[in-house]
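In structure tokens below, several structures.
Next, two complexes with chain A in common: one pairs it with chain B, the other with chain C.
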Partner chain A sequence: MSDANLPAGRGAGPLRDLRRLAFFTLRRVLALFVTILVGVYLTIIIANMGGKVDELRELQIRSTISEAVRADPSYQQMDSEERNALIQEQVQMEIERRNLDEPFIWRSFDYLAQAIQLDLGRAEEMHSDAGSRDVYDIIVERLPATLLLFGTANLLVFFVSVYAALYLSRHYGSRLDRLVIGLAPSSAAPGWFYGIFLILIFAFIIPILPAGGMVDIPPPENDWAYARSVLSHMVLPVIAMFISSIFISIYSWRTFFLIHSSEDYVEMARAKGLPANLIQSRYILRPTLAPIITNFLLMLIGLWSGAIILEQVFNWPGLGTLLFQAIGYRDTPVIIGGVVIFAYLLAVTVFMLDFLYAILDPRVRIEGGQ
Partner chain B sequence: MTQSADTLLQVSDLTLHYRTRRGTARAVDGVSFDLRRNEALVVLGESGSGKSSLAKALMRLLPRNIERFSGQVMLGDMDIMQLGDEAFRKQVQWNRMALVMQAAMNALNPVVRVGEQVAEPLRVHRGWSKDRAMERVAETFRKVGVSTDFLQRYPFELSGGMRQRVVLAMALVTEPDVVILDEPTSALDVLTQASIMNVLKRIKREEGTSFILITHDVATSSELADRVALMYAGQIVEISDARDFFHYPAHPYSQMLMDSVPRLHQAEAPGYIPGEPPDLIDPPTGCRFADRCPSRFSKCSQDPPAFSPDERRRVRCWLHEDEVARGS
Partner chain C sequence: MNRWTQGFRELKRYPSALGGMAIILFLIALSFYTVITIPYSEALEQWRGGDHWRMHPVNASPLWTDRLTGGDKPQTQVIESDASEIRETSFEGGKQVRIPLDFSYNNDGFPSELNLFLEQRHSGQEGFVRLTWHRPDGETINLGGQRIGEKERVSISQNSSLEGRLGMVPHVGLFAGDSDPESPQARQGQYRLTLDAILFDENAELEADLAVYGRVHGLAGTDYQRRDLMLALMWGTPVALAFGLLAAVGTTVTTLIIAATGVWFGGWVDAIIQRLTEVNMILPMLPILVMVGTLYSTSIWLMLGVVIALGIFSAGIKTYRAMLLPIREAPYIEAARAYGAGSGRIIMRYMIPRILPVLIPTFVTLIPTFVFLEASLAVLGLGDPELPTWGKVLNDAQEQSALYNGFYYWVISPAVLLMLTGLGFAMFGFALDRVFNPRLRTQ
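Let's turn to the complex of A and B:
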């Protein structure tokens, strides 16, 4: 058997695996770090319009200061030349204080260094509900609302569609299967579209649920009553998102499972007379676990950005609304802060995925390190 | 047909029709044969003759578009066609009949260690402990010439020949009565083919297993064959002892097929059969080979029954009607 010593010659053992894993990890961390750097830097350039925003800022500083000086009664007596000199001086001070006199390209690297250290700076216009102007505080304040709403909806869609798809792939061609396929185009309309109808029906025609917001005003004192109030506010947006994505999601998972259940090894497992649930878990789900988990994790980080229009329609105080406002105010630090946190989350997720792949798929684990 | 005491599997009038968009495809159309204990029956046929469907029908690996699935398959004294799906799965599949699939290259789950996969039928059907099953797997690996170092490996770490042997080990591990091999060597190089055929011969000699070897490869199959069944358009047109079949084929199709097998150092070019195999969806009435047959005569427009010119042969051809008449 000449091919018997071929795989054995590669050398085996946990030490080799560990060394490979360490090397693999280091390489991945470096690559991901470079990705974050590039992503964040591009955002800084874009959000500052390549330095053009500085001119706007200067104009803004000048107009604020001159208005303040002109409005100040103690300067009323000054002649206009003196006053202009004073304004010029104060503008200069403010520009120096904010380092706006340095070339943008230098400052862009400072911004990058700060952003990478998660020092997100202070917002220019916006502040958190608690009054803080720290970008970090502003974002963290909105995060739970978005995670709660989109997490609930997406987890529901994910698990319901994977289970339904497994069932349909086993009953492929049945009446139910054809019904679900027929309903798949319903996902052409976005969640907020269904949201508008749901609000119309369940908040106005039959007023049984709140039309928007996250909690009653004023918020209930009692914890249970508070939770109940939040839940009742979540019902309509969650249903809207569920309707708009469930059928297409079932459809695509069903197709995915159908393709994988016609693999030769699945046929072989059937020939071996293995029970159906063992075939499903070991021969269909296990080999396809890597793409399923990828999908799941990417969905989880997708929650982060929320959905701008849906949050607007339901008046939900989440990140979507925040970003919408930040763009409106041209509040660069808030926009950049959002992107930085998103980039970090994405990188951490991708890194976790690499590890999970290695654990789940022996082909990656054993050959990937070479 | 003689029913002897050591008949293991007796198939009568097995029929498997598929429903297709163009009409009914008669992939297996009234096939009858028997298989004795410790015998290797080779089922020969061109692609599209229904030989793989025969394997699927025997193992009940049916697609969804079944129009008709009928007949009688006696395994010992049990008609396995009468069993419900669940009973068939538990009693027949891999306990008494096992299959080595076509495309055995991809017949192994890529993310499960091969030892574990081979042990699965023992664990599921017999409820053996892991240790006991793995011991049997190691033993089977040695029988088919796979080093037991490979037990803990994944399929992608094995060469094609090794994978084929592992799939073979999987079919043998429960020591079934019948092993059906569907084109087991068609994707392998000649040397690997030869070594796998040698393993099969040794297993047959030492373990007394019966094989149904489904193939289009006349040369390789002649190594193992005790008897040969030749399929054409969903029917068995001739079934004979291997020696008779290879030396004195009876059906005109068998004769032409044997002529078309290339031989080393042969002066004249191998023969070929003009025309194409008929469509399984709308097969011609009468003898299905008639259109391509050089010996065709008026009677060929009627469907020939299976004649037995002698007791070791059955031929579905009107030419042999007279011999039967003379013989009886």
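Let's turn to the complex of A and C:
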């Protein structure tokens, strides 16, 4: 393609790429934002089908107002009947002010706006370790623990499986290859399932690792000791996740690489006598990078929800345990908030997927994703 | 059809397919056996717990694990008064009854509990009974007296005054030999519990059942509510299979039809389906299930409905779409159109059957995913409130800290069944994949 064919004023080289990338990103952000809107809206509709959200909000209004009235010294002299009447009146005003008496369809957009701004309301029973009752604070406090555990496990699974698959695709039909294929069905069980056995073996029968939690109790003062304690608590959950996804992961990558290493251009490179490493990195890995990234992020999406039970089984203080505790307390705002946060995390994952795709796939850069 | 029979003939060459099929057939047979021998309503009724299980020990491990590890823990013995010689002497306005309950105890270790169940019939008045314990060496221990209403349950194990006299819990103390009290050994031989009752009605009848609870029970052991785990393990099979199968059928079939419709009509129909799929991708399935379970109901059928509803616009649509797009342009579709086939007919009879072989392995490997999903929900405490399932057994075990207390069987047996189901379907599915998608095989 010569420059003369390009429309005037578009320029060339990295600047043009950047502009197209920016354009593409913007379009994707907009599309994803709409997707999140719809997704969160659906969540609200599901959550509110029994009028639960309304009840909650009314309760919250009532509790804030009665607290305010009780705390106000100018109302101290009132007897309880008068005070209740005052509270009732103020609640009514607040309900009208917040349009709670309007039909749900109008109010649902109001909820949507709040959820999108991550204004998730106040928890009924739970509070964050720092003492905040805001659902947002509670969730944000738990997020790093989840990210640490699942980030580690996923990266480990991803790199090990891609390298193992590359190795196996060069030695397909070998005993090791057949072994991995034979073990692939073991991935039918989720991580928590293997977790139960790991806890049984390594925490109870041979007690060498902690059965659950994130750090020793009480937490060590020293930073190094703290890190070591967290690491030792991470071993079992990470192994559980690793076992449950490694073989299927290697299996599918191996198949994928096998299909790609029989492409004509790879054969051609081989015929030219290029070294195996070069063929692997330039002729197999480079063109398959985009699907590899796609799969990695899709795996992330799948694991976000799998996290809930694994965390619960290992008593890991992350989002999953939080959600589980919220079920125990029937703390609806936290549950709904958790669902909204999960939707956001998934959307961010999907966005990263798109963005990386745009960088890796030359077609997006050159054609502006058209 | 030739292609299918050929495919199945080829399947026989894969040992993993045969293994998987054997496991699946076993599970199906077990399901039918369970549903026929223990009807649905009866299973629910029994699993609710209560009186039905009063003769079962609490937290007893399976018999076979104990015997295999060389143990000789006792099984539960129930000694009924019907089988013993009752001596009655009448007096004015009542009668005196003496019931000897004989049993031999030949195990190492002690029973886990002792209970006496009394039932008095045809009498409006409370009677009175005195209990005496006879040990094999001839020694007798007075267990005290007890009023008898219509139905009584005498917890000998919880008799604290007796415990004080014996210096250890009654079900140990009553069976202990002469060895040192620090590490008591069970004395084997003939034991007898004598009931001397006075009933204040000439027609009154007294029935007594002595339960010497063991420490092992049956094939699967029991849980903290004395329920036999076998019931849940057996009933868990049809529930798991039905849930997995229905969810897999529900999601794959609807997804496929929607993907085919989108591809066939193209344009805005396709665009809407694509956008809905993207929305569905960011809807977190498990948290939503958790939310529905908390806010509405945890009934397994509602969960199934939600799983299917969320699965309709799953990511699978993208894959099927890619497969269906070239088929849409195939000459045989054009031929069908030329003879005047309608859109519905083309979608259902021409497009979908074409990609079914590709779908079947996915479908089979999907089943265990849903089986585990159901178990996952149950482990989170959102299992069906009534049905006994494997996941609920795991949940109970976790709530009662089974691993910490050493009740390993309670966790292992449902887990093994889950694993078996997962492996069976996965092995079969992987083999199917290689048979129906030959591209994987030649590589």
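Following the convention adopted for this analysis, the second predicted complex is superposed on the first by the 248 of 370 C-alpha atoms of A that agree within 3 Å, B and C clash if a C-alpha of one lies under 4 Å from a C-alpha of the other, contacts with A are read in each partner's own complex, and residues count from 1 in each chain.
In this section, a contact is a pair of C-beta atoms (placed from the backbone, for glycine too) under 8 Å apart; a residue touches a chain by one contact, two chains touch by 3 or more.
Remember, it's a predicted structure, so these values are computed and weren't measured experimentally.
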(request) Please work out whether A:Leu360 is in contact with chain B alone, chain C alone, both, or neither, and reply first, second, both or neither. (result) first
(request) Name the contact category of A:Arg286: first (chain B only), second (chain C only), both, or neither. (result) first
(request) Once the structures are superposed on A, label A:Leu278 by its partner contacts, choosing first (chain B), second (chain C), both or neither. (result) first
(message) Taking the superposition on A as described, I'd like to know which of chain B and chain C A:Leu18 touches: first, second, both or neither.
(response) neither
(request) Tell me which partner A:Val350 touches in the superposition: chain B (first), chain C (second), both or neither. (result) second
(message) Tell me the contact category for A:Tyr265 with respect to chain B and chain C: first, second, both or neither.
(response) first
(message) For A:Tyr172 in the superposed arrangement: first (chain B), second (chain C), both or neither?
(response) both
(message) Between chain C and chain B, which one touches more residues of chain A when both complexes sit on the common chain A?
(response) C
(request) Pick one for A:Ala225: touches chain B only (first), chain C only (second), both, or neither. (result) neither
(request) Find the residues of chain A that appear in the contact set with chain B and again in the contact set with chain C. (result) 172
(message) Which residues of chain C touch chain A once you look at their complex with the stated criterion?
(response) 16, 20, 275, 278-279, 281-288, 290-296, 315, 365, 368-369, 372, 375-376, 379-382, 394, 398, 403-404, 406, 408, 411-412, 415, 418-419, 422-423, 425-427, 429-430, 439-440, 443
(message) Per the contact definition, I'd like the list of chain A residues that touch chain C in the complex.
(response) 31, 35-36, 38-39, 42-43, 46-47, 49-50, 52, 172, 181-182, 184-190, 192-193, 196-197, 199-200, 203-204, 211, 255, 258-259, 262, 298, 301, 304-306, 308-309, 312-313, 323-324, 326-328, 330, 332, 335-336, 338-339, 342-343, 346-347, 350
(request) Over in the complex, which chain A residues touch chain B? Could you list them? (result) 1, 3-4, 6-8, 172-173, 263-265, 267-275, 278, 282-283, 286-287, 360-363, 366-367
(request) Within their complex, state which residues of chain B touch chain A. (result) 59, 61, 64, 88-90, 92-95, 98-99, 101, 103-112, 120-121, 124-125, 145, 147, 149, 153-154, 156-159, 161-162, 167, 170
